[in-house]
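The structure's right below; bear with me while I get my questions together.
To keep things simple, chains are lettered A, B and C as they appear, and every chain counts its residues starting from 1.
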């Protein structure tokens, strides 16, 4: 189980690095700029979680994550230069990455004995802060805050479900898979049926 | 005294969460975006202070702060959706929040044996960084850096006054109240009489 | 050697504070805004490095750095108000600051037993994150990410060279000087001959 999570975690890092490099393409960044934005996108959420919990930062201890982020960034850069990629192609892997990062982040916070609401927020932070950093570095309003198709919402629901299930005695492994399924299902259904939360001001025009 | 500070601290968290949600309204954020910006505004300054001092992050240890920030954010969101609020109504509670956060931050840094100038900056950081995060997340130049009516300046003056008074032997409690009064008085007088600091380039037009 | 590095480090802090204040001039910031941006530019890179490595933040322990950053910021503010400075005048001292920050950051990470690729990234972070914070606080896309004349690239090459030389048995002192020379030479040559890395989209017009 742990070995599986480790490998899927590396895949999620790679997917996030790719979205960072894709986004940097809109801003005339050069190779090193794109790589650094890709690394920040891939590792940013878990980094903020580890700093807030006062843990060792995961990629400082095990540089495999950094190597995967850099290698994916490098490959993505030259692939995109040759032929631009359609962003919609990555929404499915990105949803898997969101689900996985959220559940890993929540589990780590629970093991650290964080209070339950804090633990759920750590899951959300692990899942979405990489993309928030990417958008700040590209000087955009973070996408995840704008009216969208249940991104942070799906993450939070899955994290709370995981915590609730563990609380009533369901095993951590089953709770984790169920939590991941909830994040993924909510996100995919929201994309399919354009489900949104209320916004303060409806989009005009 | 400590119990009083705790309760007033929760009020300051609530006021800051409200300003975060209000500000997110200008950017078509949805409920979750507004909540997350509200939480970042309410808890951001103290978080950065705790990370810099290598303390446990206050809201990770005691999730009451997070609950207050989320509940206020939720109420604010639906109140503002029903009827937009006039920003000027919140300048007075916001000035109280600034004074309180600044003095709490300075006291914590002094107890942590930070050098005096560092301690005063920790007060300023606790007081203003929440608003800086809010403006960065909303993709604006942080208001506190623009020519304004003595915001960070009032905080810094109060923090330095508190430290000076403790240094010459005045009791911590009296120094704290005096420091808070100085932040508040400077900020309110500056708003009333439009006091400003010099700027590098005067506003044009 | 250590004493020399300490003094040159203070000079690099001063140069970075100056560039922060200069940049804030484009945004109508007032004195306190310019000072805070100057401090963030001067101390930001080392702060992020120390947080990631879980070290005591350097300027919280020794407030000399903060005093130098504030004093330089204050002097710069009034000097620039009197007569605007030409940005190009600071590119040479800035290149020295980049080289020094990068090598100090890499050395600190190696002493902290960070893995080699992580250590090289800590050098880059120490060298460039101050400027990234400055640009975020001024609401610009960080300059260092845009197609430019080998800024982060020069830093990374020097950091990797230092690590490689230490690995094959060259003394830390000689490796440090050589690494610094590489950063400086690459950056100055790139400015002289307009060397750039490939970008995702060539600048138009």
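In the analysis below, a contact is a pair of C-beta atoms (placed from the backbone, for glycine too) under 8 Å apart; a residue touches a chain by one contact, two chains touch by 3 or more.
These numbers were taken from a predicted model, which means no experiment stands behind them.
> So with touch defined the way it is at the top, what topology do the chains form here? Options are line, ring, star, complete, other.
Topology of the interface graph: complete, with all chain pairs in contact.
> To the nearest 5 degrees, please report the angle of the rotation taking subunit B's Cα atoms onto subunit C.
My answer is 120 degrees for the C-alpha fit.
> At what distance in angstrom does the C-alpha mean of subunit B lie from that of subunit A?
Spacing between the chain centres: roughly 29 Å.
> Mind pulling the residue numbers of subunit C that touch at least two other chains?
Only 51, 136, 139 qualify.
> If we count contacts the way the header does, which residues on subunit B are in touch with subunit A in the complex?
Subunit B residues touching subunit A: 21, 24-34, 36-37, 39, 47, 51, 56-57, 59-60, 62-63, 66-67, 70, 77, 80-81, 136-139.
> Of all residues in subunit B, which touch subunit C in the complex?
51-54, 114-118, 121, 124, 132, 136, 139-142, 144-148, 152-153, 156, 196-203
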